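Every chain is named by a letter (A, B, C and D) in the order it is written, and numbering of its residues begins at 1.
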Amino acid sequence: MNKLLVCLLVLALIAVPLFAACDEDGVTTTPPTTPPTTPAEEEPVYGGVMRVVGGTFPSVVGYPPEFSPTDSIYALPCIERLCEWDEDGVQIPVLATAWVVDQDNLTITWYLREGVTFHDGTPWNAEACRWNFQLQLDGGRLPYGQYVESLEVVDEYIFRMHLTDYTWYMIEQYGWVMMISPTAFENAGDTLEERIDWARSNSVGTGPFQLVDFQRDVILVYEGNDDYWREGMPYLDGIEASFIPDPVTAAAKMEAGEADMWIYAQSVQSILDLEEMGLTVNRGTGLSGMFWSLLPNSSDPDSPLAIQEVREAIEYAIDRPAIAEMLGFGEYEPLHQIASQDWPGYVEGYDPRPYDPAMAEQLLADAGYAGGFEISIMATDAARDAVSALQAYLGDVGIDVEPDIADFGRYFTALFFTGWDDLVLAASGINPDATDLFVHFGPTPMTFMTGNIYKSPEYLALCDEALDPQYADAFEAMDTIRDAVMQAGEDAMIIPLWRDLSVAVMQSYVHSDYFMIHGVIWTPYDTWMEPH
Amino acid sequence: MPSIPGSEAYSSDKEKSMAELLKVENLKTQFHTEGGVVKAVDGISYHIDEREIIGLVGESGCGKSVSQLSVMQLISTPGEIVGGEVIFEGQDLLKYKTHGPEMRSVRGAKIAMIFQEPMTSLNPVLTINQQLTEMLELHLGMSKKVARERAIELLGMVGIPSAHNRIDDYPHQFSGGMRQRVMIAMALSCSPKILIADEPTTALDVTTQAQLLELMKDMVERFKASLVIVTHNLGVVARYAQRIYIMYAGRIVEEGTIKDIFGKPRHPYTIGLLKCIPRLDEEEGRKLVPIEGLPPNLINMPPTCAFLPRCSYKVERCFQEPWPPLKRLHDRHYISCYANTEEKTGEPTER
Amino acid sequence: MTTYIVRRLIQALVVLILVTLIVFFVMRLLPGDPILIYVAQTAELEAMPQERIDELRAEFGLDKPIMVQYANWMAGIFRGDFGTSIFYREDVGTLMLERFPITIHLTLLSLIVGAIFGVLAGMLTAVRRGKWLDKIVTPLTYVGLTIPVFLLGILLIYAFGVKLGWLPISGYTSPLDDFWLSTRQVIMPVFCLAIFGVAANARQMRSSMLEVTRQDYIRTAWSKGLGERAVVMRHMLKNSLIPVITLMGVSVSIILGGSVLVERVFAIPGVGSLLVSSIFGQDYVVVQAITLIFAVIILLVNLIVDISYAWLDPRIRYG
Amino acid sequence: MVEKHTSDIGFSEAPVRASEWRRFRRVFFERKLVTFGLVVLVLMVIAAAFAPLLTPYDPYELGDAGESLLQPGGEHLLGTDLLGRDTLSRLIYGARTALMVGFISVFISGFIGVPLGIIAGYFGGVINMVIMRAMDAIMCFPMLLLALLLAAVLREYDVISGIWVVIIALSIAIIPGYARVTHGVTLSIKENEYIMAQRAMGSSNMRVMFRHILPNAFPPLIVLVTMQLGALILAEAGLSFLGIGIDPPGAAWGAMVWDGYRYLANNTALWLSPGIAIALVVFAFNMVGDGLRDALDPRLRGLL
């Protein structure tokens, strides 16, 4: 018998030191954390290489036509755009100093910044700008490319685009094309294929940092660009972005002080623990985080989801505040309309279907599904807990959920191309100026998540109206956008769930506005670190 | 088989009384098994003189092998030596630690042993050279080269043909008989004083058996060593041993010279044993009479003589008194029995 | 001996072809279309025109019938061209050269650590049977057999990386560049990968040692007056190693399997993590290449195991 | 007169040939650890069978808002997981999954692997080549990776779903183990006289194979089974880690360890309890395996 006791003892022995090592209130031996100072008054300090860890990693670094959202964020320190958002979502000039829209003869004229050079020393001018747009068009990846009639170099620093149609949304789409050095690309190989191959792992832009090393799925090493057009910047000597796929390991690295900043941090509990330990968490003004919703296969006539009452019943059956609280530890924002509270398109006081299981059962009965029915919810494994929660709540009203956990290959194909059956748990980015309303749920061809969602004609009409050229930008069109949001709510077009948290966690000595701007824009040039 | 020079001189110096080499006093070895404590060796005493050949005879399970393993302290759990002395060269070997340096200097160097199963007694994954030279290097401090030559010489002596190119072969390339010869060479390699042969020929066919016994006798004389032959077969010791001990149920029941035992056996068990082996010097027609019954269970032994249930000479005393001690009949002939089996040597009571 | 090896090599070739068939067709069973998956994952915000997608499909030869694709791929292998990865738009050969040495480095170390400590522990617990060492180590082997690799990994990270700060938490540096840092970085991953091997080898070694102790030739060895060290090291060890060697063949595939988990926890850019993402992304050629190389490694190790039998046990050599 | 004395002296009769079952029972229960192993297994089967009755809470029912990731103690003996579900209840339901993943996979792969091995060994020649090379091919896939591949495929066709995907995937991955063991045993036994004697007596190949060869394969098979049961449960944990484990809200020890892994710093009971459960069950399987092997193979009795 003693052999057994020893075994249990040993097991405990193994667990105890490790167990003690990771209980949350244990004294941490991380570097002394100075009290978080407000970044504003601090005087920036030059120097230091910032070590960034992230849960995702770029596969292409220097060929914009093939950039995915992740690729473009990692390219930010190196490649710049014509214009970008500020905190409030207003387009501010970067490589272009100004742009003029002439609605009559459908042209956009970009006045480019002077005195800017690429990292290889070649100048930034209208010709380089035209070349980049042409590159995007040839790659078939320029958003709204179908409206571009011709590209014209008017002057050394004036570039004009001739269009077949105009909407205010184009400024953002065209303004966000990332500019790489044409000369570096051209002499990187004889054939186009060779040049593209080169560009995939090399990046020559105008940004505050130069890319010096890229080891796939390992590390990206940037060095400061001395002759950067913003005087006296960047403050950092360099940035090293390494790939840590596992969130728990990334959190451990931050706790151990082995990394300065953790981007794409999504495991809420680790984030809150690190914050408790004195690290700074940039939740970002405006809208960081993803917009989670259940997209119904409502365009399929014989699916129960085609019936509006069924969709409404599903919305009533889910206690979104409770789930958001549980999954997000209070950081998630439960949603009740196709817009978040921090969002300009938000309709005050419009909460059509708060949690009401009785009403849900009633609606199901009206729709002829008194005995309930079985549906499947497709989701990725990361949303496993969310699916369990939805399954429990829907189960209470008789909707028997059969989870369909898909690998990301099948998930994205279904979402973007082949469509899905019943429900899919989807997460989409949120733009401050409500433009994603159109991008994700608006009319084709822009939207990619149309799939098989039924959109009422009224809703589509409102979307088109919002994009009417008479509006100069999103803010002018906001009333129509709010009407569209209301209409989507009325139609129970989709079932909004919650907005999750995706932030940057930083050591206390790091000052950066990373993810300050809507989870998409980062201004690495003004990031700096106190000596540590 | 070439006769080894100097063997005819053997009979002459047999009469000279030799100094006593090994004396075992009241040796007791027990095994703790699930069923209880098995008293495999229940207090035996014997001795062996220089250059003497003695036989230790008994049925299987009478403790003869265990006694020899105890002398070499090769008893492993669940066995345990619980009493007695083994005096060798003035020292009691049992005082030494089982694997202590003193015991190790005795094993193989002074007292060597060969075993019953030649097929499994040699390490299958090491060459004969490795297993032979091991002892020479250890006990005699020979260098590898010298040890190898000595090994080849030894193999030649035990009759292994073309020893020099067979030395690097592996055990499985030798026949049973050949392997036993290698064992003999190995045992005698450090010219030990005593060679214990534990049922050396049991696993071999009769012809090889005879050759091996002849070989062992010659080698033992050649190395001026004494030999203990442990066997259940009286025929084997008849030609070679000078003195014989008969063992039964962990004890010695009769001890005597070859003439005493084969001439006038006095212990009922010995008599019984002799009755069930054919004799060349007899007329035909004698019926072989096996001893009835089975050897006793060694766990809960009665205090009285263990052979009682199978004994056909038993008398009143045998039932009352404990196991009779060895009493001396004459000269070097002892038995442990109350009955007087002298007059009835011819016709035991018919069952 | 050589005929034995030649026969085994032919067998290995047959097996390899079977492996390529299995992985090729099982991957094709996945209903997704790799091109769509690739485009979906890297789509900025706009749908890609259909003809561009067809162009891509032709570029990767996915428009040809399956058997032709298989033939092209097999032909390519003999030319050393493993095809181009859809997701990484990189020649698979370079991908392999980039990432395989890392996994092999970890696997080799884990095998060696598993063997040495496993055999040592097994030997000690057998020789010291019933003593305190045996009472501690033998139950510990069960912990080794049952602890999930990724859990052990993160516990080590928290204990030695965060709380004690002795070891770097993640990452990999080639030993050629910075040997000392590389060693410190691989200590924890190798420990995770090797623990199953240590436990399994220790148990097997212990039981085979106990078996060997009862053999006659060991009693002969003792009777020759050899010391415990000589009996154990010279006589018992070689005989007990035979069943342990068989375990080596099995533990290689367990380690390769485990590397998938360990590489993710310790952020090591080995082949394991690449394989998982390629399976989900249906990046056929990458999965096929990695599986093929895994198969070669496993077959090679098993061949070495069988040959070492003959070296260990002469009866087999001449049998 | 002679007979009387024999009896009252108390000589014990030679031990009567103990019936096979009594000896099996005596040897099996001789070592306390083996008994302990059996007790654990019995408890596990009971827990799995009567899970609904034994669990203090419904393992799938969400806790209230504040009950997420509670520490052990209080109402929830072992604390709760992220969704406030009671860890103890999920542990008990987990026994059901572990048993299913363990036994059914072992049963399926044994049912396929064992005959294949015997047939390959018995007939030899081309059949042997084909079967054994196929087995080698499957062996070339590390178990976890083959399971990953198969699970990804099986999941697409949702002909089977949830736990069965994991079971089928793992079963196929471990078939070669059985084939190789029985193949080896068949080869070693095939030459024995009593097999030839059977053939000489005209018994059919099937009879020889399954009446005479198969029983000899039991001891090594039992050892293989006990070793593999542990590996299977760990593989399930691995699959959960890679994202294709048991479907939610299923309770499986492997998935719970994966949950515990993600919330390591906040609730150690979340990973420690399934971890200990897995260790205990594998320890029990191995002990029972050792016990069975001893009992079925008298030669080794009482020595290990």
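We take it that contacts are C-beta pairs under 8 Å (C-beta built on N, C-alpha and C of every residue); 3 or more make two chains touch, one makes a residue touch a chain.
Since this is a predicted model, take the numbers as computed values, not measurements.
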Centroid comparison with chain B (C-alpha atoms), farthest chain: A
Centre-most chain [mean C-alpha coordinates]: C
Averaged-CA centre spacing for the pair chain D and chain A, given as whole angstrom: 46
Centroid distance [mean C-alpha coordinates] between chain C and chain B, Å: 56
Whole-Å gap separating chain A and chain B, where each centre is the average of the chain's CA atoms: 91
Separation of chain B from chain D, taking each centre as the mean of its C-alpha atoms, in whole Å: 51
Shared interface positions of chain A, touching two or more other chains: 3-4, 7, 11, 22, 248, 407, 410
Contacts with 2+ other chains: residues of chain D: 152, 156, 261, 264-265, 275, 279, 283
Of all residues in chain C, those that touch chain D in their complex: 11, 14-16, 18-19, 22-23, 26-27, 29-32, 139, 142-143, 145-151, 154-155, 158, 200, 207, 210, 214, 253-254, 256-258, 260-261, 264, 275-276, 279-280, 287, 291, 294-295, 298-299
Interface residues, chain A side, partner chain D - complex: 1, 3-4, 7, 11, 15, 19, 22-24, 247-248, 251, 267, 269-270, 273, 322, 325-327, 329, 380-382, 384-385, 387-389, 391-393, 402-407, 410
Footprint of chain C on chain B - complex, ascending: 72, 74, 76, 99, 104-109, 112-113, 115, 117, 120-126, 130, 134-135, 138-139, 170, 172-173, 183, 186
In the complex, chain A residues that touch chain C: 2-4, 6-7, 10-11, 14, 17-18, 21-22, 26, 28-29, 59-60, 66-69, 71-72, 140-141, 143-145, 197, 200, 215-218, 242-246, 248-249, 252-253, 255-256, 258, 407-410, 412-413, 415-418, 439, 445-446, 448
Contact footprint of chain C on chain D as seen in their complex: 129, 133-134, 136-145, 148-150, 152-153, 156-157, 227, 230-231, 233-234, 237-238, 241-242, 254, 257-258, 260-261, 264-265, 271, 275, 278-279, 282-283, 286, 303-304
